[in-house]
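In order of appearance the chains are A, B and C, and numbering begins at 1 in each one.
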């Protein structure tokens, strides 16, 4: 029996607003609590204005967009593969996007043409998704996960190789950022660069809801209901490539958000793929923003990478999912 | 009344001929049982008639138009198809699964129009599922799942219903139930029902016509009483069988 | 002070067996960028057998053409054994495996401790000059260095610029007691990085809070793109530090050689240019 809608929606909106406010107030430089109130006054502290408008606000916007992209693409991929374990990271999409972005940045292409980074990230994501979905076609979840592992591994090796070959002597240090993700020091430049692709991806993915619902009955029944499976797959591939490609190009490969967000909202909205889409988008945005705040809050001298926090939260969840499956499975 | 015609249909899968020059025709009001041994090509014939598989040679026409000429959604509104062992991969409530049958008529965005709720309720009641409409499909018994899928197929008010082994794995009561329902759909609602079945007795009792397939060839096409003879059954299934009784108490017995 | 004496003592200990044995080594090989720079200053080309590969790219531009004419090595023991020099000079981070191999081969090895200030530069220069038999030349170089330092001291401004060297997130900020600090101070600026050196949590927000007047960025980072180095290109920094961002050759700044005084002079000129451009007091 699904629980009622209204309270969770209000709760979600309030929670998201709270997270946004927190994100603007948390950072290395401590700002007084009433900063946000006094921000637009003429006598506002210029340092506070600078830090909030040029550093923390773009970072918050990026966290919301990237989280939304990951949450939605996770929900769509789970719907497409009818598998609750699917997510862009598992299918190698994130590492493919990282490979594309690394090539763009470290060959210097991004200096000549800034759009190269999100575009190559897109290409990498598309290629990886295509490869995984082709290799992993069939009824079994095992085949799909194996294919995703293989593609992920190859992409990761490619990324490491690209970084090794890069002319910058410090390039090898970059790999942790690419594999674990980070939103540190992002600016409005980054937002304008990737927002169009992220939003385009979100739009493309949002239109797959009806078809994914029909797909719950299996491929034959879905086709008999008038769904064009080929164009659905293409739509999912394109949307995921746009959304995850751009997200990874700006923030590195972030795992678990795409897996967690849909599962988190299912107790409230049910299992219909279409109903999960928008809530998963919002949940993904909230989760990633919370993780980003966590990296700034935790009292470690060096800023933790985003991926560390999402893994820390994701692993216990994974375990609880496994336990639940074991209990219900024969 | 709809007319479904297949003309000289040939299908090869992985180089192997599965259907060889099969020509059949059916119209609304008929309940056709497709019988034959495993691997005879029954499922393939059903998918070709449903328009889900394009034959290598030959054509299928619905109301005079080739199936390939129909847009997928247009065709989906006219005919419903259920594969063998239909299942739902997500633990959805029965009502939601039945509602999926309305997909061809729905836009990509937006929820269900309120009028549709009435159609869903009708379909649920017709299949005796109204009391279970919020139950998750993964917790249903075999019979209840079969009824749910049937309701899913019927909610869109299709003129043609093509079902692959609707009574596989059902206990006698539910098997009888399903066959009665299908017969009623054909007789009372003038729909065209084509079902592949293994239970010869039930086919004998409820179908209006029988198509017998063996090795991709159509061996017989006619009313069950005259078509299901001991010779045909021996040729089809390589078993010694005899048909006894008449009408609703007819049955097929094996030696 | 104690550290300096100790490092000279240790280096001396390593040299004693070699000095007592042979005459001036004619063929000298260097495995370390800083040693390269010293040899290039002290010796004629014919006496240098091989320099480390870094001097052909990261080294002082002053010696670049000369360095590119000489054979390069990658610091491996095989290359040393193949070239058979009379003396090998290496940095403090030469692996113990290499050291043991060279000891077994009987090749004289001089290990340089990195110099952290002008006194340290004097000690190291004298040490190497003595080892290669060019004491006079060494003194000449140091005299030039002292003259340049004096010149800089006389020209110092009453309002020194506040400068920090930052190459991006997670990179090292050079602090007090580093050669960078000595060069920067000689150039007449204040190293605000000294307050935050070694702090791993130093990021863009803290940089804005600190508000130095000039940003120095490592040339290697500036030359090739990276995500880490991206932070320096942040919109905010581009806006606030337009015309007040400089690159400096951080590899050479880490070398305790007499030409460090020249580096300080060049830096001073660059900082003056920044000052006039932005019309700071």
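Points worth noting:
The rule we apply is simple: contacts are C-beta pairs under 8 Å (C-beta built on N, C-alpha and C of every residue); 3 or more make two chains touch, one makes a residue touch a chain.
Please read all numbers here as calculations on a predicted model, not as lab measurements.
Chains that count as touching both chain A and chain C, per the definition above, do not exist in this structure.
Of all chains, the one whose Cα centroid sits at the greatest distance from that of chain C is B.
The central chain here, found by comparing per-chain C-alpha centres with the mean of all protein C-alpha atoms, is A.
Note: centroid distance chain A to chain B, computed from Cα atoms, is 43 Å. Measuring from the averaged C-alpha position of chain B to that of chain C gives a distance of 84 Å. The part of chain A that touches chain B in the complex is made up of residues 1, 82, 206-207, 209-211, 213-214, 216-218, 220-221, 223-228, 270-273.
Interface of chain B with chain A (complex): residues 47, 50, 52, 71-77, 79-83, 86-93, 96-97, 100-101, 103-104, 106-109, 134, 152. Chain contact summary for the complex, chain C toward chain A: residues 169-171, 199-201, 203-206, 208-209, 220-221, 223-231, 234-236. Only residues 27-29, 47, 50-51, 54-55, 105-106, 108, 110-111, 166-171, 173-174, 177-178, 184-185, 187-189, 252, 301-303 of chain A touch chain C when the two sit together in their complex.
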